[in-house]
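Look at the two complexes coming up: subunit A is in both, with subunit B in one and subunit C in the other.
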Partner chain A sequence: MSEKTFVGKNIPKLDAREKATGQSIYAADLQLPGMLYGKIVRCWDHAHAKVLNLDLSEAVKVPGVVKVLGPKDVTQKNYNTGVLDLMVPEELGQLLGDIEDQRIFTDHVRHQGDAICGIIAESEEIAEIAAGKVKVLYEPLPVYLSAEESARPDAFQFDERKPGNRAFQLPEQMFPGNAYGWGDVDVEMAKADLIVEETFYLPKVKQCQMEPHAYVAHYDQTGRLNCWTSTQMPKCVQPKLARLFELPLSRVNLVSTTIGGGFGARLGMVFEPETCAMALAVPGRPVKVQSAREEDWVASESRHPGKYWMKLGVMKDGTPVAMDAHFTSNAGAYFTHSSGVPFTTGSWLTGMYKFGAIRYKGDTFYTNQAPSGAFRGYGNPQTNFALEQIVDQACNQLNIDPVDWRKKWHKGVGDDGWCIGVPYSSCALDECLERGAEAIGWKEKRARYANQSGTLRRGVGVGVMTHTSGAMPMLLEHTTCTVKMNEDASVVITLSCSDLGQGSHTVLKQIAADTLGMPMDEIHILVNMDAAGFDIGSHASRTTYVGGGAVIKACEDVKRQLIERAAIRLGISEEELEIEDRQVFARHDRDKRLSVKEICHTGVYNFTNPETGETNGVPGQIKGYASHFPGHNSPPFGACFAEIEVDIETGVVNVLELVIAHDIGRAINPMAVEGQLQGGAHQALGMILTEETCYDKKGLCRNNSFTDYKMLGPVDMPKLTTILVEQPDPIAPLGMKSVGEAGPVNPVGATANAISHALGIMFTEAPITPERILQALSEQKVA
Partner chain B sequence: MSSRVLPQFDLLTPQSISEAVAMLAQYQGQVAVLAGGTDLLVWNYIRKLKPDYVLRLSNLDGLDYLNYVPGEGLRIGARAKVAQLLEHPDVAEKFPALHQAASTFATPQIRNMATIVGNVLRASPAGDCSCAILALGGQVLLQGPGGQRLVDIDDFWVAYGVTKRKYDELAVELRIPEPTSATRSAFIRMTRVHEDLAKLNVAVRLEMSQDTCSQARISMGCVGPTLVRLKQTEKLLNGKKITDELLQQLAASAQDEITPIDDQRSTADYRRQVAGVILRRVIEQAIETH
Partner chain C sequence: MKTKMITLCVNGRDHRFEAPVNRTLLQALRDDLRLTETKYGCGTGECGGCTVLMDGKDSICSCLTLAVEAEGRHITTVGGMTRDGELHPIQIAFIEEGAIQCGYCTPGMIMKTASILANNPNPSEEEIRKGLDGNVCRCTGYEKIVQAVQRASRMLDTSQIQKSGGMGQ
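Let's turn to the complex of A and B:
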């Protein structure tokens, strides 16, 4: 694979035209014969209550209502919408304390939007009208909106298995003192010349994927449960549904529909259990369940909000002798990702700098907010907000340039990676920092903005990050791929990797085309769960890295078979043969050749001469296969630089430019990589400037729509400069490293640091709104 | 809450203004008037109103005008779109406050649908065009069964979402008076992101003679249940030479004159802190733009 025809090229996304012209079929677009419509009836008026009485009698009477399902009309099994149970060995799951605490319909409302019952009707309108006739008598229970409140000794206990409402802490058996890290933090901290200690507050931000959650489920006449869903993880949702409804995997068919954005919002199950429960109640008839945006907002997961305490000890020369940190996150109403996120949040911390000693604690408490879960970056943006700011505070106090400090103290090749015990295989962070600093004009602006007066104050800030490419060895990493050679030598690749819109199928096709040495337009990617083998799903920035690895292996398997057959036909040893230009030929005698098409064709159309008994080729259709477990996680690094301007009379922040230099290893599709960085920056700026889901005292969401919750729009976005640093990773397939989840990470720290540079004030609470800035300015009397 | 269930109403499509007025009279307050639809067709809003009838103006072709009449001012028909404010050459020159409000108003798509009169009739304290119109002054022409009447914009908004329009009247035109050569105006709004309702907006119309303001109109939004004129502050300005010191006094006065609240978009404290700042800036902008 020396010559790359497609890898490294800006190939337009395969689905771009369909999506841009409205031709893509989403689950909500599906119309099946005899289809019914389900409505999940949710509790809107309480965030915490017992259902004392559920009266469905009036709802049943609405003409067109087919069935009304209460909590007792569906499976009584509990479940956890998260998928950690499938990603770690059972013993580890038990050690982490993972529990199943969700019900399809509940009589104990734990957050606004909890599902009470379901209506199945001939139309969506009828289902909604009937839902309005469900009468529920509630007994309100005390509402807790923060970990501090629910951790109080006299607080209502959410789950008897979780005393003190602590859903998770790092398990003592694995991590003595409920902490991980290295060295003796207390001893090292005592040596520090300077200690910076701060508590940071992270907001509850929503993924805001464009497509609201929608499904169709159909329990068909053959006894199969079919579910059309845009999940990121079809091969995890399938066994979870099978277990919940006690069906063999072969009788659960997941159909992946076009994914209208994921960002973690579709990681694991969302409303598949409710939809399938309704379908099982009306065998033979498909049921469609769509959620309104407000419903999606209050009942599906968000990023974990919480409190992040951090204490950094440094010597006068900047040496970071000790880091002590504790992230107390807000789980929301159910367990879901209560162990995964606080665990991983610390990984991004321990993975970043060469601290002399470090101690990280992470725990999670139940509250009556909507459940927290997976969101692009999985704890990394939270760590970035706290870590990058506290580093800059130390640098400022020691008069050390923040870029110089980072170059000196970031981890690199051979150092323990984010997963302690797995060393970094490559690191291009120095080049990212150098090229990023150059592009933003770091030295000059840093000096120029040091002393300012006037209404508009500018600042530049830097933030670095590391992430991962797949989650091995912490979580299961496994992807299968089948490459079928058609008789005309065109190709069908069957796999179950999802494309969330990041372009993963495009990239996988580029990789396949180059590996096979054939044009992309003769390759079809088939995503069919019955046909495809396992894939853990699209998460942890893994699809190109792990899926790509599987594709390469399966394509190499095809090439091996082609050479094997050519060797037989040509009577030349396999070692002598190679493939180029869709021909298998002898290295030393190029006239001895056989076309790939000939081999594939005669493998299918294989005839035996009745007289001679000879065949016209080697029989059998060629299929390559790989069941791929990656050997590493080749973490990417990145440096982001932000330049901002603050109006000190109004507190309004104008982001002038972000420069994002990313250590991509090798960009398979540079345009797609840039897109990931730009989209990630958009989410990071939202988290840092405007976005937060808010609740009133009763625990009712105050901004469950795009009218009230504001993401930045196109006009609000700054100039974005992306720099792709390509230093191939020595272990990774093609040298590539990930980008997807890295996107929303370090623009967080860079922007916060830029604001701090402009004003001389560190903001410990995100989003950094004009309201908060003005308040801080008036307290500090900046003028 | 979004809903799949369409609100139940009968759709009325009058062919003339008199037919529209007759229908309004006949259905006695059970009618919601549909012009651009950017508020009404957000179903959450129509569900709050629960009208039995929706009367659409789509066939009243004669009402989509936006005319500048020299010596008289602007005449804006009930169906004129916000985008028309940006297309008309005289608006930018003679009514900068209104032009600036229109140019920051929502998004291009909304500007192409929303009507200026609809913005006034919505009686929201956050209306951007309305804020500019209150500063510029003007009158709403209402046509009822008994004929037409003009209501001054100063008196038009009664409470949140409530106007002086009687149920059997149709707002057919908005009139904004001709500025003099000494008239200056400007508009500023603050939002969380560009595409958002205002968290605070302000507009001024100043009659200037050299550096002295002979007469001022100041309107501010998102600081009370309706858009408000800051009349105490205007008094401080009238007849004064505009100096930095005066601007500071005005800012302090504005803070005292408003009654903001905490809501989704901002806080009462912030609005109070910033009200004076943006008042000062809008005055500076009004003077500078000439």
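Let's turn to the complex of A and C:
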């Protein structure tokens, strides 16, 4: 590889130095002149209640309080924090049943942490004191914590548009029988030699991004609403806020601050509506809202928990003739992503194996838990927990090696992808399985751990996955990018996709540098929402794949213009010209050349000779542009192998090693890819071993803190071995495929299968805690 | 709330200001001194995002320490690790190993690393992992952070740490 290229190299993140010195500005670090402090007053004592009386009189009297806003002091419009309504045509949105059911401040508390009113004060301390003086009289209402409870006919109806409290099911008009899949499952299932049927339970896990949600909003003297936010999707939050507050887009300005982790927690709006409502109440003065960790926990979205029923029919030789599945999830108190996750959960299922027939049903029900929403993987970790375990159960009963079975039955090139009708363009899963199996010592350990006695039992397990590279074809998929050539031929690239910390801006710059044939340090990436065009945001593992595609197109547009101008200046046809080393030259006569700098410079400093009328170059500053709709999607695959040790006296699982082999197509920045896989593994292991948001009978969260909600620490994390399998995808720009959302997916299945291998027991409920292990051992009397 | 004149020595510089006696060191750093490099993650000592160094060796959670308790002590934040624009080897190691993603835990992680290495210049991997426990990172799975600490340990001139009696200013 040439010294002058950047793609494929371990380039440290562009902002790493700023972050290592503490210079990066997160929203909470902002300090603006005349800034006020907003406090969202939340209901902490009830998960479901009517506000009978809200007495703000004492709060208003606290010296330093500027304004107190109740439910009637802000817009009466409803909204939905999620953005799926923007991502599909309106008719489809109606078919999917997307609704707006959230209010800025409510008089009907639907979950602990619902916002009641807002205080605006001269300092955070004063706002806190005033919040303590708000008196609320509640009428408690019955609390529903599971789909089973809220689906009961006598249950309170959360929304009249959603009978039976079913927020969503796959709509009959699009999915006959409310099911996604193919073939006749009942007929095929009847043919099966072996049927494995299980019900799995998935926990409510939290993104736990390290930066608690914080914002500044300012309704300025020009009548613009400015909002500093660490959102993952500025260009989708902007129209949401514009609609909510009835302002044109040109008067809603989003300023992206450094993002202290996202993982889906900042997908769509979070507390932007409350913050902006406060700013609109005090025109001319910025308002900062910082949430406390415990508040962030109860009032922002999580992964969908739920019950996953699955039935797999196989022939004696392992042929998977039929799959029947139903994921009933818990939407929580508001609609949010109800039409998204229950669908994609099934897509990941249909996309994985060559089932003879498959029928997936997905629905979700309102409850009084905090709303569920987007979390890295968007339904895929849930599917992985159920699917990978049920496959292993079938393999065990048929005495088939689980790796061999997966190699034989996974989908690949030409098969329908996770979206039926869109085939996979590449698949390196076989190589992932082979290299991963070798790295963990699969055959040898699988045999060695088959019959163990003693206190410490070891096991190895495998889990595979596929995911997406972008939102196409289900949702809108669009990134706009502008590449401006300065007069000295340095470059400013303007776009609006967010870098959550994964390093996407670094990667985009690497791609731009190679496309333009320029050094990275002469390229600047500008993220300015007024200047930048549209982008659907950083989610769906799309920023490198789609953003990178947009950058390439816009850079190619620059190159086309450079060649066009050089052709005029040199009097040579465009086809004869090419660009290398920042020179445009004739292929067959390399002495005929013009530097890129010369073209850019004379485009800006363009003079006309008054006598001859000649100019010193082609006038006009060069700007490349792409409004990129990729029209393709190159899903990645991956194989994870886990080795674990269980202490059967304590039930404690010690994960010894994870080998994660990922089908990346082409790694633009291998170090960043590894970081995604390693960080994703941390989230997957948490979900499988320790993490669950728990509620008491009143619906109050029992563990909204890092002490009570256990994430794995550095001591608990196993050795992480990553293998990047690079088989370029034929239709992808640069052959690349995604990684971000894939991270937390298949370590889930691999670890669950490893535990099952060690103990000979399948655990259907996650997290697989020591209590659950000891309980299962005592029931099965393993000794 | 009763207020008090407080003198804090942060990154080698004395700051004198009046603050309520219940002011935490984290609030004092961020709100009174406008040194926002130290982060709020939980406010209850559970995430380590607010870790600073006390007297060059001990790492503390600034959210659990009152500003008045820090009087007369030398406090180092990540802003004090850089000298004359030169990055500290720990900062270089974090950057080059890819140990920084969202960066929100980074100031605390770097100060915790400074404390680990000030007390034990050549820690084993196990000692590093134990030392970092209490500082939460949700991005990296800790793998590259552990590698960064190992690299920093190799880069640092251990005799220098011992001679100066600690890290930072």
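In this section, the second predicted complex is superposed on the first by the 779 of 783 C-alpha atoms of A that agree within 3 Å, B and C clash if a C-alpha of one lies under 4 Å from a C-alpha of the other, contacts with A are read in each partner's own complex, and residues count from 1 in each chain.
Heads up, the rule we're going with is that a contact is a pair of C-beta atoms (placed from the backbone, for glycine too) under 8 Å apart; a residue touches a chain by one contact, two chains touch by 3 or more.
Being a predicted model, the structure only gives us computed values, none of them experimental.
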TODO: Pick one for A:15: touches subunit B only (first), subunit C only (second), both, or neither.
DONE: second
- [ ] Please work out whether A:53 is in contact with subunit B alone, subunit C alone, both, or neither, and reply first, second, both or neither.
- [x] neither
Open item on the list: For the three-chain arrangement built by superposition, which of subunit B and subunit C touches the greater number of subunit A residues?
Closed with: C
Open item on the list: After the superposition on A, what does A:573 contact: first (subunit B), second (subunit C), both or neither?
Closed with: neither
Open item on the list: Contacts for A:293 in the overlay, against subunit B (first) and subunit C (second): which applies, first, second, both or neither?
Closed with: both
- [ ] For A:608, decide between first (touching subunit B), second (touching subunit C), both and neither.
- [x] neither
Task: Which of subunit B and subunit C A:711 touches, first, second, both or neither - done: both
Open item on the list: Under the stated touch criterion, which partner chain does A:650 make contact with: subunit B (first), subunit C (second), both, or neither?
Closed with: first
- [ ] Identify the partner contact of A:259: answer first if only subunit B is touched, second if only subunit C is, both if each is, neither if none is.
- [x] second
TODO: Return the residues of subunit A at which the contacts from subunit B and from subunit C coincide.
DONE: 124-125, 290, 292-293, 705, 707, 711, 713, 715
Task: Interface residues, subunit C side, partner subunit A - complex - done: 20, 30-31, 34, 36-44, 46-47, 49, 77-79, 81-82, 87, 91, 94-96, 98, 100-107, 110, 128-130, 132-146
TODO: Using the touch rule from the top, collect the residues of subunit A that touch subunit B in their complex.
DONE: 44, 124-125, 128-129, 290, 292-294, 649-652, 690, 694, 702-703, 705, 707-708, 710-713, 715-716, 769-771, 774-775, 778
Open item on the list: Give the list of subunit A residues in touch with subunit C in this complex.
Closed with: 10, 12-13, 15-26, 28-29, 31, 124-125, 207-212, 258-263, 290, 292-293, 500-503, 671-672, 674-675, 678-683, 705-707, 711, 713-715, 717, 720
Open item on the list: Could you list, by residue number, the parts of subunit B that touch subunit A in their complex?
Closed with: 1-6, 190, 192-197, 264, 266-267, 269-270, 273-274, 277-278
